[in-house]
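Both complexes shown next keep chain A, but they swap its partner, so chain B is in the first and chain C is in the second.
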Partner chain A sequence: MTFLAELAINGALVGLMYALVASGIVLVYKSSGVVNLAQGGFVMAGAYLVWAYIARLGLGLIPGILAAAASMGALGWLTERLALRRMIGQPVIMILMLTFGLEVVLRGAVPGALGADTKPMPIPISQAPVWLGDILINRTYILGGAVAVVMVALLAVFFRTRAGIAMRAVSDDHLAAWAVGIPVERTVALSWAVSGAVAAVTGVLWGAVQGVDWSLSLLLIKALSVAVLGGLDSLSGVVLAGLIVGVFESVISGYVDPFVGGGTREVVAAVVIFLTVLIRPYGLFGREVIERV
Partner chain B sequence: MTDTVARAHEAGKTFANPGVSGAGQAARPAPLLAVHNVEVIYDKVFLAIKGVSLEVPEGAIVALLGSNGAGKSTTLKAISGLLGPERGQVTKGTVRWRGQDITRLSPPARVRLGIAQVLEGRRVFEHLTPEENLIAASTPIGNARRVRELVQMVYDYFPRLYERRNAKAGYLSGGEQQMLAIGRALMAEPRLLLLDEPSLGLAPVLVEEIFRIVQRINQEQGVSVLLVEQNARAALDVASYGYLMEDGRVRMDGPAEVLKANPDIQEFYLGGGAGRTSYRDVKHYRRRKRWLA
Partner chain C sequence: MFYRECGVRHTTYAADRALAVIPFERALLVLLIVLAAAAPWIVTDLFLVSYLTPWLIWTAAVLGLNLLMGWAGQIHLGYGAVMAVGAYTAVHVARAGAPFVVAVAAGGLVAAVIGSLFGLPALRVRGLYLAMSTLALQVIVDWILVQVPAISGGAQATLLVPRPHIFGIPLVTDQARYWTAAVFTLLVALFVANVRRTDVGRALIALREKDYAAAVIGINVFYYKALAFFVSSFIGGMSGAALAFLYYRAVTPEQFGLNVSIMAVAMVIVGGLGSIIGSFFGAGFILLAPIWIEHGLRELAAALSVHISPSTLAHLPLVIYGGLITGFLLLEPLGLAKLYDNVRNYLRVWPFGYTKK
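Then we have the complex of A and B:
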């Protein structure tokens, strides 16, 4: 029982951190209907930048994170300005290929420029575990889960502000948004910028968990399965989906891995995508298509 | 051209610009909106309107009539700047706002000048509540208190929207959605409202109610209106002046009273002919025979 609880709690915390990666995808999807397949690369680049600003340039912890968030915000904004805006009206598959191309470029270029070996994320978290009764909890996960909850809550608040409501309006109907004076292009660019900044913060957390190297970009798969299960455009959906994926993969791999020699974690995420697409293509909380006559 | 048409045209010239009285041609101030000889091409090949000219004087309600595909919506989009997202382009002519050339201005810039369009088919932000629809459209307004006042003003004009302010807009009735679309356009404090077929698909009582409110908005807020309609009777009842489009051109214009009295207009657009009372018959007839073809 203790073992199960331990797996479930740690899994839930990891799941919240998946939800944070996925929230970057949700943010862009909500404003422009584009699934950003470069989100994994964004997280990796964000982690590298935090490491570089702190370990190479000697910035403090907070200034380093802020600088990385600003840089990643700029990268997100530039991605929209330079690449996606030209793609307006192109088939969805072209746009998906473009973002995936960016993912591949980031995977190659960032480790190439800053070093491919795994680096420790230079933030002071004690490795000593936390005991909850008999249950052992990873301290980094606690921090990560807490930060994820705060970030997602902030995003939820943002979507209730005027700028956030305008962003949701843009995702509903571009032409109608233009017609009432919403600067659609700027709004979409803003969503990319915010998503880049969120990726930087996410990169800090995941960098602290598994070190900084190219493999951070593999979070794309987890984030996609969480986003798809959550419904792609719902923040609460993403949190719930994150918890589900996190708990399932932790519990299942905890019990099954010893028999099969590991690797079930990755399978769980893939199975989640399959099952969601087959059973509930709009995800748990995806917005239904409203049809009237 | 038949005699009656020519007569109406003459009359139109004499009575044009009802907002200006007595002033000589030279001293005439620029009208609120002046569309001059505008040509629009879609997708670089399809010529949709071919040299359309019309004017809306300050404070007036002007009707723009015509059957399907005549180019009414295209004309409105040339005025509001929404052709870009539709792959259309103004290739000739000018759109002037109080004398200033705005032909190439971005849609949000035109909204800030005071031009708001209510799109054909209402196009509310379906996944937002009516209240959020209004707030999303308040982007051009800087002051938060003013936004609340404007929301209140919209609720005063459309009490039904207040009752349903927290439902999803996609689930409102057609009439409620039309009210929301008009209310949403009012959030930018426009001086000119471009209404594209507000009567589409609504029961006659509802059409009457909505047109009455539009008239009140015109009188109480001093908002000028350019009203596109196929329902010529309803439109000419509230408008002071009317234009009739056919096949991408303005075929006839004149004071509403003159147009209503015109036998050809009666036959085609008011369903006047003897024994023809059902709307369906009128529509069928209209499709078969083309105006002045």
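Then we have the complex of A and C:
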């Protein structure tokens, strides 16, 4: 029972951190209908930048993270401005492949420029676990889960500001938003920038968990499964779906791994995507698109 | 000038629907086939083994994927898994003693059955969601391949491929393997080119344009979607088997991972969706261009005596490859086939360009 509780609690915290990665995907999807398959690469680039600013340039922890968030925001904005905006009206596969191409470029360019070996994320978190009764909890996960909840809450607040309301309007209908004077392009670009900044913060957390190297970009599958299960355009769905995916993944791999020789963790997310698409494509809270011919 | 159409008059429907209408193009095709057959005497062995053979086999795989993506309009991000199923099945069948041709066909068949599973979500969703569910299935199939020792021979294992025989003739030399690959690719290309001319091909194209509209004009959408996935996976499975037998000569799960699926889609898009010659261009370009560009950059850096760190150099092919994908999508979304078409259309009416409609 303790084992199950331990798996579930750690899993839930990890799931919240997945939700943070997924929130970047949801933000962009909400405003522009593009699923950013480079989000894993963005997280990796963010983690590398934080590491570079702190360890190489000697910035403090908070200034380093802020500088990385600003740089990643700029990268997200540039991506929209230079690449995605030219693809408006192209078939879905073209846009998906474009973001995949970006992912490949990031995966090559960032480790190529900053070094491919795994680096420790220079943030002061003790490695000693927290004991909750008999249950052992990873300290980094607690911080990660807390930051994830705060970030998602901040995003929810952001959607109540002027820019956020404009973004919601854009996600409803581009043409109608245009008609009432909302700068649609600028709003979409803003959502990319925010998503880039979120990726930088996510990169700090995941970099602290598993070290900074290219494998951070593999978070994409987990993030996709969370985003799809929650509904691609639902920010609150992301939190619940993150909890579900995290708990399932942790509990299933905890009990099944000894029998099949490991690696179950990777496949749970994929199964979640597949089942969600088959049973309820629009996810838990996503908007069901009714197609009229 | 060369692509002259004047004097080409069709008196029968059969002549009108021929694969190559312009006489010059027919001559070009024959010349290319002769050149391909004579390649072992023209190019060096190294070039033959490490460039031409994989290019041809990859072309066959891309043709299969193009049938699905270019004609039927279904997105598939898990083609690598389908190829893996084909390769593993064929290797196991061959190890059990079956001849090469039977093994490849068995690989194709099992891959087609598993590949139809990938098409299951396509009966309900399309576009974005189909892309994600095929991506998920790729991960699942990869996992099963690695985790089931009966298939992969245990984690981190490499299965050696038995030496292939065709009708009792052992394929021992590099040349023999190359010719086998060339014949295989030619057959697949002929098949796909002919599918386009049949009612099935036209049904697939109608499906691509709009599946509701296709249903309205009496096309069984479910049937044709499933058929497209089945046939394309059959070709993919055979290509995976051919890749294992004629090029790698050993199979590991990493040879057919997610990156390979992405590469296959990149080949289709860079080559040109729904184009046969584009499949040849795309496969060759994505396979060979990163190697050659990286080589050129290395020599340039050496010539300018600029020092590049080994870590940067090691990541250069990845950057070039990703850059090619993004660059093509942004600058020429219709791919290399469109570039070829531009030249062809120009030559068709050259020196009388003003006659163009």
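Simple rule for what comes next: the second predicted complex is superposed on the first by the 289 of 293 C-alpha atoms of A that agree within 3 Å, B and C clash if a C-alpha of one lies under 4 Å from a C-alpha of the other, contacts with A are read in each partner's own complex, and residues count from 1 in each chain.
Note that a contact is a pair of C-beta atoms (placed from the backbone, for glycine too) under 8 Å apart; a residue touches a chain by one contact, two chains touch by 3 or more.
Computed from a prediction, not measured in an experiment: that's the story for all the values here.
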Clash or fit: what happens to chain B and chain C when chain A is overlaid? fit
Touching A:78 in the superposition: chain B (first), chain C (second), both, neither? neither
Of chain B and chain C, which one touches more residues of chain A? C
After the superposition on A, what does A:263 contact: first (chain B), second (chain C), both or neither? second
Applying the touch criterion given at the start, work out whether A:284 contacts chain B, chain C, both or neither, answering first, second, both or neither. neither
If we overlay the two complexes on their shared chain A, which of chain B and chain C does A:182 touch? Say first, second, both or neither. first
Rounded to a multiple of 10, tell me what angle the C-alpha centres of chain B and chain C make at the one for chain A, in degrees. 90
After superposition on the shared chain, which partner residues are touched by A:113: those of chain B (first), chain C (second), both, or neither? second
Is A:174 in contact with chain B, with chain C, with both, or with neither (first, second, both, neither)? first
For A:123, is the partner it touches chain B (first), chain C (second), both, or none of the two (neither)? neither
A:166 contacts which: chain B (first), chain C (second), both, neither? first
Shortest CA-CA distance between chain B and chain C [superposed frame, angstrom]: 14
Output the chain A positions appearing in both contact lists, the one against chain B and the one against chain C. none
In the complex, go through chain A and note every residue touching chain B. 89, 162, 165-166, 168-169, 172-184, 287, 290, 292
For chain C, which residues count as touching chain A in their complex? 69, 75, 77, 120-121, 124-125, 127-133, 135-140, 143, 146-147, 155, 210, 212-213, 262, 265-266, 269, 311-312, 314-326, 329-330, 333
What part of chain A is in contact with chain C in the complex they form? 35, 83, 86-87, 90, 92-94, 96-98, 100-109, 111-113, 115-116, 221, 224-225, 228, 260-261, 263, 266-267, 269-274, 277-278, 281, 293
For chain B, which residues count as touching chain A in their complex? 80-82, 85-87, 106-108, 111-112, 116-119, 123-128, 132-133, 135-140, 144, 147, 168, 170-171, 174, 184-185, 187-188
